[in-house]
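A quick write-up on the structure given underneath.
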Amino acid sequence: MDNYLNEYRQLFQQIKSGEVNIEQALNQVRNLKFDDLGFAKVDHHRQIRNGYPEVIFSQGKTVEQIKAIVLKLAEKNNNIMATRATREVYEGICEVIEDAEYFEAARIVVVKKRNILVTEKTIAVVSAGTSDIPVAEEAAITAETLGNRVTRVYDVGVAGIHRLFANADTLMSANVLVVVAGMEGALASVVGGMVDKPVIAVPTSIGYGASFGGLSALLTMLNSCSSGISVVNIDNGFGAGYTASMINKL
Amino acid sequence: MDNYLNEYRQLFQQIKSGEVNIEQALNQVRNLKFDDLGFAKVDHHRQIRNGYPEVIFSQGKTVEQIKAIVLKLAEKNNNIMATRATREVYEGICEVIEDAEYFEAARIVVVKKRNILVTEKTIAVVSAGTSDIPVAEEAAITAETLGNRVTRVYDVGVAGIHRLFANADTLMSANVLVVVAGMEGALASVVGGMVDKPVIAVPTSIGYGASFGGLSALLTMLNSCSSGISVVNIDNGFGAGYTASMINKL
Amino acid sequence: MDNYLNEYRQLFQQIKSGEVNIEQALNQVRNLKFDDLGFAKVDHHRQIRNGYPEVIFSQGKTVEQIKAIVLKLAEKNNNIMATRATREVYEGICEVIEDAEYFEAARIVVVKKRNILVTEKTIAVVSAGTSDIPVAEEAAITAETLGNRVTRVYDVGVAGIHRLFANADTLMSANVLVVVAGMEGALASVVGGMVDKPVIAVPTSIGYGASFGGLSALLTMLNSCSSGISVVNIDNGFGAGYTASMINKL
Amino acid sequence: MDNYLNEYRQLFQQIKSGEVNIEQALNQVRNLKFDDLGFAKVDHHRQIRNGYPEVIFSQGKTVEQIKAIVLKLAEKNNNIMATRATREVYEGICEVIEDAEYFEAARIVVVKKRNILVTEKTIAVVSAGTSDIPVAEEAAITAETLGNRVTRVYDVGVAGIHRLFANADTLMSANVLVVVAGMEGALASVVGGMVDKPVIAVPTSIGYGASFGGLSALLTMLNSCSSGISVVNIDNGFGAGYTASMINKL
Amino acid sequence: MDNYLNEYRQLFQQIKSGEVNIEQALNQVRNLKFDDLGFAKVDHHRQIRNGYPEVIFSQGKTVEQIKAIVLKLAEKNNNIMATRATREVYEGICEVIEDAEYFEAARIVVVKKRNILVTEKTIAVVSAGTSDIPVAEEAAITAETLGNRVTRVYDVGVAGIHRLFANADTLMSANVLVVVAGMEGALASVVGGMVDKPVIAVPTSIGYGASFGGLSALLTMLNSCSSGISVVNIDNGFGAGYTASMINKL
Amino acid sequence: MDNYLNEYRQLFQQIKSGEVNIEQALNQVRNLKFDDLGFAKVDHHRQIRNGYPEVIFSQGKTVEQIKAIVLKLAEKNNNIMATRATREVYEGICEVIEDAEYFEAARIVVVKKRNILVTEKTIAVVSAGTSDIPVAEEAAITAETLGNRVTRVYDVGVAGIHRLFANADTLMSANVLVVVAGMEGALASVVGGMVDKPVIAVPTSIGYGASFGGLSALLTMLNSCSSGISVVNIDNGFGAGYTASMINKL
Amino acid sequence: MDNYLNEYRQLFQQIKSGEVNIEQALNQVRNLKFDDLGFAKVDHHRQIRNGYPEVIFSQGKTVEQIKAIVLKLAEKNNNIMATRATREVYEGICEVIEDAEYFEAARIVVVKKRNILVTEKTIAVVSAGTSDIPVAEEAAITAETLGNRVTRVYDVGVAGIHRLFANADTLMSANVLVVVAGMEGALASVVGGMVDKPVIAVPTSIGYGASFGGLSALLTMLNSCSSGISVVNIDNGFGAGYTASMINKL
Amino acid sequence: MDNYLNEYRQLFQQIKSGEVNIEQALNQVRNLKFDDLGFAKVDHHRQIRNGYPEVIFSQGKTVEQIKAIVLKLAEKNNNIMATRATREVYEGICEVIEDAEYFEAARIVVVKKRNILVTEKTIAVVSAGTSDIPVAEEAAITAETLGNRVTRVYDVGVAGIHRLFANADTLMSANVLVVVAGMEGALASVVGGMVDKPVIAVPTSIGYGASFGGLSALLTMLNSCSSGISVVNIDNGFGAGYTASMINKL
């Protein structure tokens, strides 16, 4: 909160010196009060210097709206990540900016303007079925774009638990794990019982009948009897990747 | 349906011989038509000869009502099983009949009047946590009372999956499996992925928060990605034991 | 678990004879430990020798993905079954392999490379309404492809219960029963009250208004007061056919 | 609406004759307008002459409150029925009025001051399990107190469908049927398929696990594929008896 | 059940006379037992003589399937009613049979081969909003086709309750009422408070947001504090019309 | 209620003078009784004089139906507002009337025939995300068309709470606030904690996964620990704008 | 926000005059920044001068905790209101302070230290059944304690709608209305259709069966087709009274 | 996995040396295979050396059972933590072991046998209302017992958001945050918008009406629009404290 106090310090010196009068100072305070609360997320400067991307949630926005946002963000010469991006979104972005890369499985467009330091420690992204891969990739690409080393362990659902165990070393050497599963979502509990690292569980809407759009997997994960598991919203690969990155970088 | 047709055959012979007239025969048919449909479950004779018990569901009945039912059933000199029986129910039964045995963990009273042939093949009853044991025991005692060899594998929840695997031989040598689990209910999927025998999954109401009285485990089990799993109602240990016995005796 | 121990036995003999040194042995153990746990389902050899099919769940996969999987499985010269297959999936499979057969009502493609021994005992597949037939056929074709004799009893909903009773002999002579019903799903309870064989109940999403996509039938079946009924997921004809087959072959 | 118009007619005559002046008449109209809308249920006179009871819903009222209401109603010398009445309520009523009768199973107190003509046609009250009897009796006693001939067919759940069919004649000779069932509630559909008379279905909260306090039976009944079935609230025996009486007396 | 007993009487006379031997008789009994249970709905003869239609539920059937059913039913020269029929269904029916009439708002096709006696007493069909009219018309046309006099009172939702009261005479002179309402479904309670005749309430799926596809109106109607109301499934205009007709014809 | 009584007063004078006889008067009363209850909303005259619009809820109506309604309303020369109007609806309205204006974001068509006095006090319409703007605009345009001064504070979700506080003066100077938010809907609580004016909270169906079509935001708002918040239906911008206007004009 | 700026103004003058140095000023700012954001609710001074009470939500607090809070609040000599207060709470409060008054039906304790100006305009509190009175009284006493004139219209449920209309004048002369109803909750819609003033609807948990603890009434009220209705949480009489007071005092 | 391989290494050397024969070795492997899978959590040795406690979940266990478990764990001279412990549990533990400490608000008993190194970095436990404190304390005491520095920020719900901001420095200097809130649960989103550290959100069952036992807060937290938030089960303070500790110690 130094910056914030610095602004006040400067103002006080100006008051003391008579450079600004009291009414002028009060006007400044009204703005300072609310505009510069100094909360972490308001201070983008540090993040930008480190190559953190600006994020656009594409779903529910038109291609034209996204192009406009990209153009505006590009002025800062910062990295940009557009999630839930269709191919049309990607092609629209290509019209206004160079060097956009499309991760189709993850439905993410990345525009890389600065390099970002990559962590030594890895995030493991684990998924149960092949249908869960889009959500898993959304988590993985998000974490990579935020500067994390990521290992993928896909198609290791509990119905064939030997495949999961064949990857035990990989799981146990990760620093943080993202576990993505639909249907009954039991994979999170099993992985949580194997490792002693934080597990971010992502229920997916994959399933049919009484999976109720991911509710089944969501409840399974919330009720896990394994410790160290916390859960994000159904299909929220981005949130899982972001949270895992935040933890991995502590 | 032989018995049923025999009654008609006898009637027809009586008509032919003039022993009964047609109006008398029609009266008999009205009764025969509905009373002796000949469905399997109506024919208790075979079951009784084999030592199958009569079952009383105690919940929602007064001790006096249960005592009356037991007295009436005892006339047939058949085995009796009372489920969801409190200690008070057991003590009430003891007042009217000898040789009642109380399985407290299972909440079942058994009155054994005839021996029942025990199967060679085993039913494995598997449970996740210690709190699931009452439901597991209800299934196990039910199956044993119906004449099955039962092996119990308790406290092998997926949070410590090595304990489950330490019992792999037992699981894999069972003919039918009953898997009892509350909270997230993932155990059924994992067991279903280990064996190629039918698994009867029993969700329990054990859990808290978003387990919603067993709904979480129920949905998990219904959505299992392992094949060969079918599900009974929440806490329905009796139903699972009965179904497993039916399958084991095929 | 003989095979599994045999691999260790062979390894130990090689250690003893000095054929492999201890470090080499430890590397092998790492793999043996997880790759060859010896669980039943890992051992496909026995199943394949008996003509059991490999199963592809087509829903959520592209035709190209399915064609690739079929081609890979075909190398083993094993039977193949693709469920939830549209006509497009069938035509795609025909492009890469001969002898594919399409069961349109069941939405199943079967490629038969080996004969499978058919059971003496029958599975009865019973359905309530004509709209339930796709799910019923999925169960029936699944069971037949797995080598079971199947009898179909369709359109016998409880609203016209005499039609059900006209088929009582068929129901009562089955070894296992699959009961498929949407709307209120009462058929499972009535059938369960008629027979003393295991009943696999399949709720369907057929219905409108407060059927809530099959929830109504699902709850009905879970709460059945008839014994010997267990339930699979909504519309899960495959799961019911597979479970019934597993039971029928015990 | 004759009475209602009569009051206006009388008023108009008084205006015409000058007996009341226009301002007095306007004041009367304000009251007439809302107090004497002439709707059927406001006109208790006809009902009272016919012996229809006044109804007190006891649940949520104190014994003192109920005693006060009974005393007030007793002034009209009308029949009184208190539903959901505990034994304490009954004893309280006995303190303030003679001739109260307590139907314990139905939890109803009846005070009979006038005779009520009993219908020729019967209402059949049918129930699935013994635990459903309180709700069934609430319906039966309600219908009887309202002057209907009632036949009871209890403990005929679909798990033993031959018992239901043994009563087919009784069911088919009823003019209206009330079907009371908990757990899976399938009885309403089966009865609805046997008769061509209106069926009032009452789900009960009897059951456990996924019966969710009667929700399972409620959904079953709403989704019934049998025609002629309509449904009242869970455990609402009074509502069913009242509606059946209304239909039976048309 | 006279017909049914007549068949037995005839059989017995043939046994007595030696016309059929006992084994032949037993074969006949097997069929009689289940085919001719004598339940009301099996005996279509009376209904057909009175002009009652056969009903086809079109939803989920192809036009070709419906045409085939119509052709088969037409052989009996009976009235036919197809519900949930699109214009395509109507045009398909016109290709195979003459004189089909299409009630577009009700989505019902009627083929009238015989006249049906129309009741003196009326059924009032009352609806809340203009969007509820398709369901209301389904009820009204169903009741008319079954031979009832029907009066329609539409667009009288409780938000403008004076419109409802302007029709009070019509409501109060009906013998049975069908009340159709979506959104909050309060109309059923208000009408139920005005009349002392049976009210069949039909929740519709009309609404948005927290109406949850008709759940809101369904719960409102089930919980109505007015007596004499029973409820059918969401959007089930046919069921309401059928039940109302059954009651109206008692 | 003066008008209403005036009609009676006039009638009484006519009775007194003999201008109408008593039977004629009774006929008039039947109509007066229900047609002119004198409730506030029946009396459109005052509203119309003040420029209040007639409202058409377009959803579920055809363009032709809407055109007909507009034409009929236009006869009264009153303002008209059509909500949930697509561009097709707007174009249809333009065919039958001049001067229709389309607020595309709000999906509202306004036809202004009379001026409406605008309030001094303002309604603040606050929204969380850009996707919530259609619902927010529906509220804002509704309130403006009803004659309120409206200030918009958009895109101030709690994830970046400094943006909300930057608008604190605007929020605190409003007389009534409408807060529109999807996803977790926390904005209503935060705003409710900042101001001491009534807050109308509108949950939107914006969100994914476990937002369940707006249920999450709805529950959040209902459970708000801030006082002075009341809630309308999911996506019900019109209802919020209308209620806010009603409050603002007290 | 004048007070807030005044504190800064005073600080700036002290800086200018040298009375405080810059570091001292920065320390003060840290506190000012967050402690005195100047939001309306932080400024209790105006409210206290006007007799507004401090509110204690008693539920979930021990009597000792409540006594301690009362003692602390009493120091300010302000009015105090404790909601959801049992008689034990009241007696506990009496031990530490004089002049506490207990409104038993409303479960509210009021300690009045200052007079509060009472509004000219009235709030009408309307309730459907006698069981809803506790919630209605909570709303009424809350509104009265906050200085509003309140009229009560109780026991006017829609099942006997003439009682509601007999109070039409009272309803129509209120400035704001609180409508309290359980079971089907239809009363809010009917009242909302009669008046053109804001209606705060309060669903109650009164009911049984499918009322699901107030969910039925809640959904009814949210889906109301009457305009001008907004809804608070189930049983939240306090919230309704508070919101109504806020609106009534605009 | 070193330990695990060491056991195999030792075995292989014994085989090589002839110390064990091959059959003996195979027997050992059967055990090694499943008992010593080498998964992290099986290896308690490291944890125990670091002072990590063994955890007993007391809920659903009798005091006698807990005493027995404590006695057995005490043999290892390890720290012990019993969660959801009533005062009776605490007193029972005191009977069998010395030095047990009871954290009443947290419902946790701690038996400290070894010291545990405390982290430099802090976990902030933030709670909305005073009723949420038991869950918050469960999280805080869990984290402290696992060796974390914990700061508590209680009673900072969003209804009085200035209290939250007054603690902004504390929140922003934490390494991990646990946010505990019932009712609408909005606090997690607001805190998540203020910090850029991982937030573990814990919904509590505090609330009434439509909070549905914590469902409202759960959905709010899952749908949070702030990034970096993950969620544990309702009231799961232990899980949150454990997960936060796991993250804090990375």
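Should a chain be cited, it is by its letter among A, B, C, D, E, F, G and H, assigned in written order, with residues numbered from 1 in that chain.
Rule of thumb we're sticking to: a contact is a pair of C-beta atoms (placed from the backbone, for glycine too) under 8 Å apart; a residue touches a chain by one contact, two chains touch by 3 or more.
Small disclaimer: the values here were computed from a predicted structure and weren't measured.
Following the contact convention of this document, B, E is the list of chains adjacent to both subunit C and subunit D. Ranked by separation of Cα centres from subunit G, the top chain is C. Where subunit D touches subunit G, under half of the residue numbers in use are shared by the two copies, so each contributes mostly different positions. Between subunit B and subunit C, the centres computed from C-alpha atoms are 25 Å apart.
Distance between subunit C and subunit E, defined via averaged C-alpha coordinates, is recorded as 39 Å.
A straight line joining the Cα centres of subunit B and subunit F is 60 Å long. Centroids built from CA atoms put subunit F at 56 Å from subunit C. In subunit H, the residues that touch at least two other chains are 30, 33, 37, 39, 41, 160-161, 165, 168, 193-194, 209-211, 215, 218, 222-223, 227, 233-234. Counting only pairs that meet the touch rule, the chains in contact are A-B, A-C, A-F, A-G, A-H, B-C, B-D, B-E, B-H, C-D, C-E, C-H, D-E, D-F, D-G, E-F, E-G, F-G, F-H, G-H. Residue ranges of subunit C in contact with subunit A, taken from their complex: 33-37, 39, 41-42, 59-61, 203, 205, 214-215, 218, 233-236. Of all the residues in subunit G, the ones that touch subunit D in their complex are 130-131, 160-162, 165-169, 206, 208-211. Subunit A meets subunit H in the complex at residues 1, 37-41, 121, 165, 168-169, 172, 175-176, 193-198, 200, 218, 222-223, 227-234, 239-240, 242-243, 246-248, 250. Subunit D meets subunit F in the complex at residues 5, 8-9, 12-13, 15-16, 18, 22, 25-26, 29-30, 33, 37.
Interface of subunit D with subunit C (complex): residues 128-129, 157-161, 183-186, 189-190, 192-194, 207, 209-212, 215-217, 219-227.
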